[in-house]
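So, here come the structures, one by one.
Look for chain A in each of the two complexes below; its partner is chain B in the first and chain C in the second.
Right after this comes the complex of A and B.
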């Protein structure tokens, strides 16, 4: 179930500090757990998260096995101009989840 | 005379015990009220509540045809925001054609097999939890009101009440021992809640995922080292019916967060 919850304001004033929050559905399997048979459940976590704002990377995070499932990442940026905000999650299996929202910046 | 007096005191004592049972309506509180402010804030914000991932998936399922191309839920029931409003608050309810008392998940499964002729979903499977969360959300803010005039519901509530005070497992504990007599106290590091089914399906931080009331109750049963009833068992429907009657008038918070 690939799913995301994105919280980005639709509009912002130029120069305003805005909060961006991105929640993604992911098991974040640590690689430390075992099946009932004793077999190790292989690690499957999102290891990289990035956010581009109008084509420029504004945020990057490296994730580790101690993160909870369905992680939410929140950060702030300064609204400079109208453009797309793209969130990208990459996991151990190579799966890439992307989500794009538009941010309109007013004078 | 002495015998009479003794009998009187015995009766008085029995009456006192009976009064000590249960939680007075004004003392009832949701598990939400016992959580930390941080956990509460997760539930209060739909863009921070991970259970909303399931709700989103449930909305998609509601509006799309099952794999066999039959009608989608929305094709019969229309816009869930109006047609499903208050539904979760009155389940378990009697299904007219079959006469069975069904819980909400049971109702979804029955609709899927009878009207959509689609392959059944397992209890606790992702799509079932997703639809259940989506339908449950439409009753957020509604008061729990199981129809006690219904003979089948009344019988289930009675059986559920008996189960609630029956001792189970190696620890030989009944539900009442924790949830009526010792709520608010600690079991290990966890606060014992009163056990009101106001927010199901819940996103439990311990589970790192969404789960049903039956999963939660099975969890309690293994906790007292009893063998839990299987998913979908009549005992669970009875217990849910009793818990809903016990929580009558409390407000639905689905989808909830619990520690």
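Right after this comes the complex of A and C.
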């Protein structure tokens, strides 16, 4: 299981804009590097990142080899109601990494 | 993360336990020479123009309503902190749908595409990217009304990302 680091406030007021920050451990191998023998190291990157909250997808990113290793993405959303915030990363090998955190929304 | 092959910039090295044969040495030398002679992999500025054309469908974006926030001089191209900030009320009737980020001189012109919704609240996305060399970056925002807005910055890189080893 790949390591993830999620930074989401534990509580927020309804209507408040909160910052969500998600990092996953991944080499993001570009496919342009070579072994010392000259063989190309095959591309293996996370190509899709999504975030679901309160019943729908609130953020999606398509990523390319120009993203740094261990990709970090921070974005914002409006706190609507208490519930899980789900982050999902999908890589070229088809591996899916999922992380869920609970957000408590107060009136 | 201590094995030689996990070094971000180094060639994977043979393990110390491997016996070094004459064949291995020759192969290594041959491979290294081939790597040196291989043409450099860099996107041409034209490639960025093509990628932008593919995203915009040939419509020229207007300047403004999107801003790239990145240090003008970065030491390490392997991890460059960058933010794209859109100017938008982010309401259902008027919001930024997609922000696309392009580079001029990495092997591929695309960096990332971020898809936002009215529930985003703001159009601010932060991330870290690789820059193979000093170059221009372009961000283009597509609004909910279909209009396109852009920003362009130049970044000087002192230590490049190793995109080709």
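The criterion applied here is as follows: the second predicted complex is superposed on the first by the 106 of 107 C-alpha atoms of A that agree within 3 Å, B and C clash if a C-alpha of one lies under 4 Å from a C-alpha of the other, contacts with A are read in each partner's own complex, and residues count from 1 in each chain.
As a working rule, a contact is a pair of C-beta atoms (placed from the backbone, for glycine too) under 8 Å apart; a residue touches a chain by one contact, two chains touch by 3 or more.
This one's a predicted model, so the numbers in the text were calculated from it and none came from an experiment.
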For A:68 in the superposed arrangement: first (chain B), second (chain C), both or neither? both
Could you look at A:7 and tell me whether it touches chain B, chain C, both or neither (first, second, both, neither)? first
Is A:17 contacted by the first partner chain B, the second partner chain C, both or neither? second
Touching A:93 in the superposition: chain B (first), chain C (second), both, neither? neither
In the superposed model, does chain B or chain C contact more residues of chain A? C
Of the residues on chain A, which ones does chain B touch that chain C also touches? 21, 27, 68-69, 72
Where on chain B does chain A make contact in their complex? 46-48, 50, 52-54, 56-57, 126, 130, 205, 208-209
Parts of chain A lying in touch with chain B, wherever the complex brings them together: 1, 3-7, 21, 23, 25, 27-28, 68-70, 72
Per the touch rule, the chain C residues reaching chain A in their complex are 6, 8, 11-14, 27-28, 30-32, 34-35, 38, 41, 78-80, 103, 106-108, 110-117, 119-122, 124-131, 162-165
Within their complex, state which residues of chain A touch chain C. 17-18, 21, 27, 30, 32-39, 41, 53-54, 56-69, 71-78, 80
